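Supplied in structure tokens, the structure appears directly below.
In this document, chain identifiers A, B, C and D correspond to the written order of the chains, with residue numbering beginning at 1 in each.
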Amino acid sequence: MDIGFLGMGRMGRPMARNIARAGYDVTVWNRSPGKAASVVDSGASEAPDLSAVLHKSVVVSSLADDRAFADSVLSTSSLRAAKHGSVHVNLATVSPGMSAEAEAALNEKGVSYVAAPVFGRPEVAEAGELTVVAAGDAGAIDEVAPLFDVIGRRTWRVGDDAKQANTVKILGNYLIANAIQAMAEATTVAEKVGGSPELLMEVMNDSLFPGRVYGGYGKMISQRRYEPAGFRLALGLKDVRLALSQAREAQLGLPFGSVLEDLFLDALAHGQADQDWCSITEATRRRAGLAGE
Amino acid sequence: MDIGFLGMGRMGRPMARNIARAGYDVTVWNRSPGKAASVVDSGASEAPDLSAVLHKSVVVSSLADDRAFADSVLSTSSLRAAKHGSVHVNLATVSPGMSAEAEAALNEKGVSYVAAPVFGRPEVAEAGELTVVAAGDAGAIDEVAPLFDVIGRRTWRVGDDAKQANTVKILGNYLIANAIQAMAEATTVAEKVGGSPELLMEVMNDSLFPGRVYGGYGKMISQRRYEPAGFRLALGLKDVRLALSQAREAQLGLPFGSVLEDLFLDALAHGQADQDWCSITEATRRRAGLAGE
Amino acid sequence: MDIGFLGMGRMGRPMARNIARAGYDVTVWNRSPGKAASVVDSGASEAPDLSAVLHKSVVVSSLADDRAFADSVLSTSSLRAAKHGSVHVNLATVSPGMSAEAEAALNEKGVSYVAAPVFGRPEVAEAGELTVVAAGDAGAIDEVAPLFDVIGRRTWRVGDDAKQANTVKILGNYLIANAIQAMAEATTVAEKVGGSPELLMEVMNDSLFPGRVYGGYGKMISQRRYEPAGFRLALGLKDVRLALSQAREAQLGLPFGSVLEDLFLDALAHGQADQDWCSITEATRRRAGLAGE
Amino acid sequence: MDIGFLGMGRMGRPMARNIARAGYDVTVWNRSPGKAASVVDSGASEAPDLSAVLHKSVVVSSLADDRAFADSVLSTSSLRAAKHGSVHVNLATVSPGMSAEAEAALNEKGVSYVAAPVFGRPEVAEAGELTVVAAGDAGAIDEVAPLFDVIGRRTWRVGDDAKQANTVKILGNYLIANAIQAMAEATTVAEKVGGSPELLMEVMNDSLFPGRVYGGYGKMISQRRYEPAGFRLALGLKDVRLALSQAREAQLGLPFGSVLEDLFLDALAHGQADQDWCSITEATRRRAGLAGE
């Protein structure tokens, strides 16, 4: 398998390194230069230009957002460079709509499209322990499945409609946002009645809610430690709105989702755009007259 | 340690059995007769009447609710029967207010009060793997700590104010209710956009949200299987309201909590009081025009 | 008609004066002395004690709240003093539950009970232009209808179940609270986009929303003038909760009502209990990061 | 004044008739033919084509929505036909964004733009009793003020930024939507506790809430009469969203507005798009388990 890899960001680099170390022939490219060194050290080669990567039989991308993906992969020149019969694997968190658009545009050029967003932070990517959620053409997924085994601990296949993988990813983030607000409320009650928010979240993580979401955010929320941001609040609102807009287009109101949107707006209006998204906690605290940080 | 044990319900029986099997001298009592057989088989003896149990140096109770507890433990005759210098351990989920009242009334009789609600279902109690959250007089907790080691995998001590243990328990249930509604919304979005709610919840439980809450309720919600009820919806509303009333008395609004109260009312108005509380899911579905069961 | 009148407060005095001036024989009483002078000047006489008023064939009360009413009218001694065959007219805003209780207790003593809460401020009472909402025994209402014609511009009869009149009054206040929040949101949008909140509310009051509610509160809200309080915020919350509790007991969630409760709590937590209830406006403004007064 | 009038809809016709009857020289045009007869009978003449109207020194438009307005007035050919030094008066309810765009485009052609949305239904337009809210170039408003006196009972001037007039109109509709939901909740409480929703709304309209909004919608809501639609629910949601999107862009959450959006979605999901917008009442009723129509 001759692999091109686009995007040398915080997630792209460790995933590309793992693929190169597993012995695959990997050619990498990043829009801004100087990011690929550690990947080249792991055995990859760097492409002279974008089209050199797009010619490969398997192209993997890990780009920042819808716009970066569309610019690099779906522009007229990029679509012209794409190789008939190849497979494009999109590991990034893009919107379901973008994924559907990519699937249509690439299929028209004879390219199979696989949406494969991942769950896990950079350190999990480093360890090759990501969870991969894949959807798209079944034969194409079979073909690239060995790559998923390299970067992840497990691959979930959710059908042949590519955008469903992105929906799962967005709903995952939506569930995290909901858990954050639930913890914000519980810890604020604890504080108000004279209990210990930190101890509360430790007990919860030890008993009812194991895992990193309640563990990590529970600690940040109960200690009110919102910087440095693991995931910026402004981006968090974008993801919550992706869930909301999918729902609203389907004439489905989300009772918690509408409340979340207002809480995020409250946080933005108080200058928290660059804090971690779990700092929406402060909106609930402010409303109760609790002093700011 | 000479132990009296009140309450042979679905949780009380396995806890009492484990204590008896561990070699303690246990005398049990239950208001309605014929429930103690399996506990007696494990080595306990059955008391002729309530006061025989209340005379013990350590009295453990696991009673259904505030009222059952107050009737059995705080009535004038029961308080008279209580032994000066003894310890009362309340394993049940009672309200923080009830716990505070019990602490005052028992202390006045020279009895120490320990609130020690537990996390875990009957099968977890059977396995001696409960999580115990204890608060109250520190010396009394030290004294009964060996019993907690018998019934649980871990004991969390949250201070010397008894009602704080009950607050932790109630906030735990509050977090579960929030998680249920979050899952209700995410699975309904998935359904509306043509995805698989079941697969979504499997992926979530495998990646972001390990553990029994997201695992068990995720399955029930995505399969819309609400009977038999593990926890009745009407009781769920009672617990959500305990969290809300604590918050409201402290002039703290709970954005999600207020929404939850309305969703539970919607469910009650549709005859779901005896279904599992995760059936509040149907309120969100009905509002989107999705057909009932 | 021989009339006893209890309660010489801001509403009671002008109503009693108007009845005395209309030529009725009125005996008044107030718990704390020195309030009745202006009513006596209008031709009323002052009773030596409460029971002298309760002996009359028509007793009219205008007392502060549920408790003041129950203390003065429903105590054992007051019920003993009540005259068989008499009519009690309660002009105050009490809860529907209190009204139902009074109806039962008085009927048992052979006294007819008419709930007749009024709409209008003290100056409207002074002018004899109140709106009276009456419910209770039809014959009793017929009997006291001439009094309603003296104090009001119009009497609405809403049936023979006394508490229904109180429900109408509470729902009237509930509608005002909703209008206040609607105006709070509209004026804050206007402010945020560079328009004039005051002009907005003037246009509205001149076109879509004539009348004193939108006129008076529209001015206070758009000018953010919350003192002196016409109706204290803490009392406003009490009335909103009367509507909410009636609804919730009937398994009816109030989408706006639940939001209102949280906004009132927010205001209380920010020390606004003694401001006019339309100052809940500040909660919406604070959430948008707008500076306080 | 030589007037061109675009749009012979339910509002445009009576307004154009009144202007013609007042002695002005009016030339009318409508995209689909056969609508202008009654206006021609009142003394207007019909234009052979759109550009004949756009050449006039004062052009008045009353078109269905943003799109109809942009197509007829802001297309390249229409802008070319516009007369330098003329005034365009837009009587329709368009979005503030559309108004700002029109102002810029017309000004560039030397045309003054006046946004002048009106409050009132067709019968009010017929009577020349509309309320006009005007914003834009002050000199231009002075020039066309006599026309506003013909069609309306009063003109409110809200500054020289055209879009502010549209914002006032949208916030007016927003206030109506809020009043509708408030009435929906109050009447449903009344019904649930055995009172009369109709009588409640009559009392309210007679006392606290005079005017057509509470009068008309109060009657429709309490009688649950939603057809024929005076204002379609789907259009109502569009207007509520115009208010919400203005607010959200300004980082202002609208607590009631977010709830309204969900209630409208609920109604849409239940097939109510073509009912009157006050039928969102049914969402609250359904949630309480009350039987449908």
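By our rule, contacts are C-beta pairs under 8 Å (C-beta built on N, C-alpha and C of every residue); 3 or more make two chains touch, one makes a residue touch a chain.
Since we're looking at a predicted model, the values are computed, not measured.
Participant: Repeat of C-D among B-C, B-D or A-B, where over half of the residue-numbered contact pairs coincide, is which pair?
Facilitator: Checking each pair in B-C, B-D or A-B, only one repeats C-D, namely A-B.
Participant: Count the C-beta pairs in contact for A-C and for A-D, then report the pair with the higher count.
Facilitator: More contacting C-beta pairs are found at A-D.
Participant: With chain centres defined as C-alpha means, what is the inter-centre distance between chain A and chain B in Å?
Facilitator: 37
Participant: Using mean CA coordinates as chain centres, what's the chain A-chain D distance in Å?
Facilitator: Computed value for the inter-centroid distance: 43 Å.
Participant: Compute the distance, rounded to whole Å, between the mean C-alpha positions of chain A and chain C.
Facilitator: For chain A versus chain C, the centre distance works out to 56 Å.
Participant: Hey, what residues on chain A touch two or more of the other chains?
Facilitator: 251-255, 259, 262-263, 265-266, 269, 287-289 - these are the residues of chain A that touch more than one other chain.
Participant: If each protein chain is taken as a node and each touching pair as an edge, is the resulting graph a line, ring, star, complete or other?
Facilitator: Topology of touching chains reads as complete, every chain touching all others.
Participant: Which positions of chain B touch chain A when the two form their complex?
Facilitator: Against chain A, the touching part of chain B is residues 96, 119-120, 131, 133, 154, 156, 158-159, 161, 164, 167-168, 171-172, 174-176, 178-179, 181-183, 185-186, 188-190, 192-196, 199-200, 202-204, 206-213, 243, 246-247, 250-257, 259, 262-263, 284, 287-289.
Participant: What does chain B use to touch chain D in their complex?
Facilitator: The contact residues of chain B facing chain D are 262, 265-266, 269-271, 283, 286-289.
Participant: Would you tell me which residues of chain C are touching chain B in their complex?
Facilitator: The contact residues of chain C facing chain B are 248, 251-255, 258-259, 261-263, 265-266, 268-269.
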